[in-house]
Amino acid sequence: MAAGVSFRTLAASILALAIATPVCADPVRLRVGNSAAQAFSFIPVEVGIREGIFAKNGVAVESIAFGGSGKQHQAMAAGAIDIALSGGSDLSYVAKGAPEIAVAEMAGPPLFLGVVVAYNSPLKGPDDLKGKKISVSSGAGVTRWLIQKLVQQKGWGPDGVIYVAAGGSWASDIAALTTGQVDAACTAAALGFKLEETKQGRLLFSTSAIVHDFIQHAIFASTASLQEKPDSVRGFLKGWFETIAWMRAHKAESVEIARGITGFSAEVESREYDLVMPMFTSDGHFQAAGLKTIEQSFKDLHLVDGEPDMSKLYTDAYLPED
Amino acid sequence: MTATTISSVPHVRRGPIMSPGWARLIAIFILLALWEIGARVCADPLFLCPPSQAIGALPHIFSDPKIVNAIRVTILELVTAFLMSVTVGLAIGLAVGLHGFTKQSILPVILMLYATPQATILPLFVLIFGIGPAAKIAFGVSHGFFPVVVTTVAGVQNLRPQLLRAAHSMGANRWQVFTTIIFPHMIPSFFTGMRLGMTAVLLGVLLAELYVSTAGIGFYTRLFAESFSPPDLFALISVLAAIAVTLNELCRMAERHFRRWNDG
Amino acid sequence: MRPKLGIGQRLIQLGVLLLILVAWYIGTLPGHINPLLLPPPAPVFKDFWQLLNNSSIWPDLWVTVHEWLVAVAIAAVAGCSLGYIISRSAYAVRVFDPLLAGIYSIPAILLFPLYLLFFGLGAGSKIAIGTTIAFFPVVLNTIAGLANVDKSYIRAAQSMGANDLQLFWSVMLPAAFPVVLTGLRLGCIIAFLAILGGETISSLAGLGHRIVSLAENMESAQMFANIVFAVLMAFIINGVVSFAEARGRRGFQ
C-alpha cells in the first residue's frame, strides 16, 4: 500500500462526498426561533409543524433552536429570525431598543420553572431555603428574580440566600446539585421528575408558588417581519393557539411528540405535561397583572433605566379575533 | 523509512515487539477499557456512559435521516472551512513571514486578532452570513486560519536568506523557490499547523452550530446533552471524532506524501 | 534578539488598528449595524474607561488569570516532559504522535459538562479544560521539534563523545527550540480562549462570566468594553510570551 495512492483516494472520496452532499434550501416562509430546544415550553411549535396546523394556516414554519434567549434576540436583531419564542422577561430587550415587539402572551404563571433539590436533601419546602446556596441562570435573569422575590416575601433580608449564577444550562444545574456545590437549583421543574427516577433529585416546589400573576413566556415578532409579512405572523399566532388547543385535547399524542425531543420517559413527560400545560394562554392577550409583575422585576434587577412604558413593549393587534 | 513501509509488512518483526500501528490500536483499546470500567464503576449515568453503550446507540443515530443529513452538512462545512483556512492561512503566513518588515509589523496585529474571543462576536457572523452553513464556515475559518498563519510564519523564520538569494540569482521563479526551498523547509511546522487548524476549524464550526441550529449537528449535541442521554451524545461525539481523526490522518498522509516527494 | 521596530513598521501597525477602528465606526453609523449587535466605538471606550477606573473587574480578572496560569503551567510541564520522553524513541513517536494528534482533534469543549461534574462549577473545571486544550499543541510541537532535529548533528555530537545530557542541552534543545516555543505560544493563547469559552458556558466568576451575563442582558456597550479588555489581556499575554520566547532564543544562541 503506497501512501500516495491512498492519500489521493481518500482526498478524492472526501471531496466527492462533500460535493455530493445536498444542502437543504427549501423556501422558508417564517423562521421561528426558541431559546432552548429541549424545553417543553417550545414543544408546541414541533407539534404544530408535525400535525400540519401551521400549514393549514398558510405558513411554512422553520424551527430554529438557540442556546439562550440573549443569543436568540441578537439573531433577531441581525435579521436571522422572524419570530422568537422566549421568556416574558425578554420584554426588557424591547425596552432596550431591540427591533421587535411582543405579539402574544404565550404562558402566564411560571409553571415551567421550579426549585429542584437532591433526592435525600433535608429541605422540605420554600421555608427551608433560608441561608442556602441556590443556583440561578444569571445575575439578572428570571430565575434570580423569582428567588429574590421569595426572599422578599419571607422577609429574610438581602442576604437571605446565596445566589450561584451557574450559566443556565441544565447540565450545569444538575452537576452543581449532584456534586453538592449548591443546595437547590432554580431550573426546569421537570428536571426534578427526571432526577427522581434515578433517586438523584426531586422537585421541591414549582415557582408558581412564589408568584402567580406573571408572564413566563411571550412570543416576539421582529419589526421587519411585521412590516413585510404581517399576515404570516397572524397565521402563525392562529396556528399556535390552535396547536395549544389540540395539545390540551390530545395528551397521549402530545406527550409522545414531546418525548421525541426531551428524551424523558413516558412517566416523567406525562407529569411534566400535567404540571406545565396549564401555563399556556389560550388567546395570547396580555394580562395587566402579569405585566405589572414583569415591570416590578425590571426595577428589582435594574434591567432598564427609569420607568419603563410597558404599553410600548407589546401589542395585541396580531392576535386571532374570536 | 516511513510508518507505511512497516505497516505494509505487519508480520515481519522489526526492532520492538510490534508495529506502531498495532501498538497504537492496543493503546486505544486500553483507553477504551479504562473508560468502560470507569463509567461502569463510578460515573453518573446522566453525564457519562460506557463506550459499549455509545456504540450501541450508533444504529439509532444512523437510522434517523435528519441526523444523517446534519452530519453530512457538518462534513461539508468542515471541509470547506478547512480548505479555505489552509489556503488563506498559507498565503498570508508566507506573505507575512518571508519578509522581516511585514513580519514584525503585521504579525503582532494578527496575533492580537487571534486572541480575540471570537465566540463573543458570533452575532456579527450571523448578521453578515445569516444562520445557514455560510456562517458556520466563516466562523470555522476564523478559528482555523490563525494556527496556519502562526505555524507558517514559524516554519519559514529560520530559512536562510542566502538560500533564497542564491536561488533567485540562479534564475529560479517564485514557484520554483517555493517548491524547492521554502516548502520543504517548513514541512514539519506547516503540517503541525494544518492539524492544529483542523482542530480549530472543527471547534469553530461546532461553536457556531451550538450557537444556533436548524436541526444541525449542534442542535442534536445540545439536545442530547441537555436531555441527559449520554449514549446518544457520545455516539454523536464519536462520529464527530471519527470525522476529525479521518481529516487528521489525511493531513498526516499528505505530510508523508510531500516529505517523500521532497526527499525523492 | 529581534531588531528594534522601525518607524515604518510602527506606522503600519497603527494604520491597521486605525483601519479597524474606522471600519467599526462606519459600520455602526445609524442605519447600518444595529447597536445591540455592535455598539459604536465611542460608548464602548467610555465604558472601557469606566471599567479601568472602577475596581469591580479586578476580582474577575484575577480569577481568569489565575485559572490561565495554572492551566498553562500544568500543560507546559506535562506537554514538554511527555513530548521529550516520546521523542527519545522513534518507535514511540510513531505510536504516540498519531494517537495524540487524533485525540487532540476531538473537540474537548463538547465534554465540558463532564468537566463540570468532575471539577465543579468554579475554577477547577476551567483549569482542567484549559490544561487539556493547551497540552496537545505543546506535546505535539515538542515531539515535532525534537524528532525532526537533523540526524547528522546528533551523529556528529555523538561521535565527538557527547553524553545524553550534553546532547540534549547543546544539540537537541537549540535545534528544536523554535518549534517547541511555537507550541507553547499556541498553548498559551488557546488555553486563554478555552478558559474564556468555558467561563461563558458555566462559571461562578471570571472575564467570560462577566461577558456572558452582559450579553444575556443585552448590555452591548459594556459587553464590548469587556471584550476589548479581554483582547487587551490576550495581547499582553502574547507580548509576555513573545518576550520570553525572544529571551529564550537568545539564551540558546
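For clarity, chains are labelled A, B and C in written order, and residue numbers in each chain start from 1.
Quick note on the criterion: a contact is a pair of C-beta atoms (placed from the backbone, for glycine too) under 8 Å apart; a residue touches a chain by one contact, two chains touch by 3 or more.
Please read all numbers here as calculations on a predicted model, not as lab measurements.
Trainee: Touching both subunit A and subunit C: give me those chains, sorted by label.
Mentor: Touching subunit A as well as subunit C, we find B.
Trainee: Using the touch rule from the top, work out which pair, B-C or A-B, shares more C-beta pairs.
Mentor: Output for the comparison: B-C.
Trainee: Which chain has its C-alpha centroid farthest away from the centroid of subunit B?
Mentor: A
Trainee: Using mean CA coordinates as chain centres, what's the gap between subunit A and subunit B in Å?
Mentor: Their C-alpha centroids are separated by 35 Å.
Trainee: For subunit B and subunit C, let me know how many angstrom lie between their CA-based centres, rounded off.
Mentor: Going by mean C-alpha positions, subunit B sits 17 Å from subunit C.
Trainee: Which parts of subunit A, given as residue numbers and ranges, touch two or more other chains?
Mentor: Within subunit A, residues 71, 74, 77-78, 169, 171, 175, 178 contact more than one other chain.
Trainee: Going through subunit B residue by residue, note those that touch at least 2 other chains and give them in order.
Mentor: 44, 47, 123-124, 127, 225, 247, 249
Trainee: Would you mind listing the residues of subunit C that make contact with two or more other chains?
Mentor: 34, 37, 113, 117, 200, 215
Trainee: In their shared complex, at which residues does subunit B touch subunit C?
Mentor: For this pair, the touching residues of subunit B are 3, 6, 15-16, 20, 23-24, 27-28, 44, 47-48, 100-102, 104-106, 108-109, 111-112, 114-121, 123-124, 127, 147, 150-151, 154, 157-158, 188-189, 192, 195-196, 198-200, 202-203, 206-207, 221, 225, 237, 240-241, 244-245, 247-249, 252.
Trainee: Subunit C touches which residues of subunit A in the complex?
Mentor: Going through subunit A, the ones touching subunit C are 68-71, 73-74, 77-78, 92-93, 96-99, 135, 137-141, 164-167, 169, 171-172, 175-176, 178-179, 181, 303.
Trainee: In the complex, go through subunit B and note every residue touching subunit A.
Mentor: Contact set of subunit B toward subunit A: 2, 4, 7-8, 44-47, 69, 72-73, 75-76, 79-80, 123-124, 126-127, 130-131, 133, 210-215, 219, 222-229, 232, 246-247, 249-250, 253-254, 256-257, 260.
Trainee: Using the touch definition up top, name the residues of subunit C that touch subunit A in the complex.
Mentor: It is residues 34-37, 113, 116-117, 120-122, 200-204, 209, 212-213, 215-218 of subunit C that touch subunit A.
Trainee: Under the stated contact criterion, what part of subunit C meets subunit B in this complex?
Mentor: Interface residues on the subunit C side: 2-3, 5-6, 8-10, 12-13, 16-17, 33-34, 37-38, 91, 94-96, 98-99, 101-102, 104-107, 109-111, 113-114, 117, 136-137, 140-141, 144, 148, 178-179, 182, 185-186, 189-190, 192-193, 196-197, 200, 208, 211, 215, 223, 227, 230-231, 234-235, 237-238.
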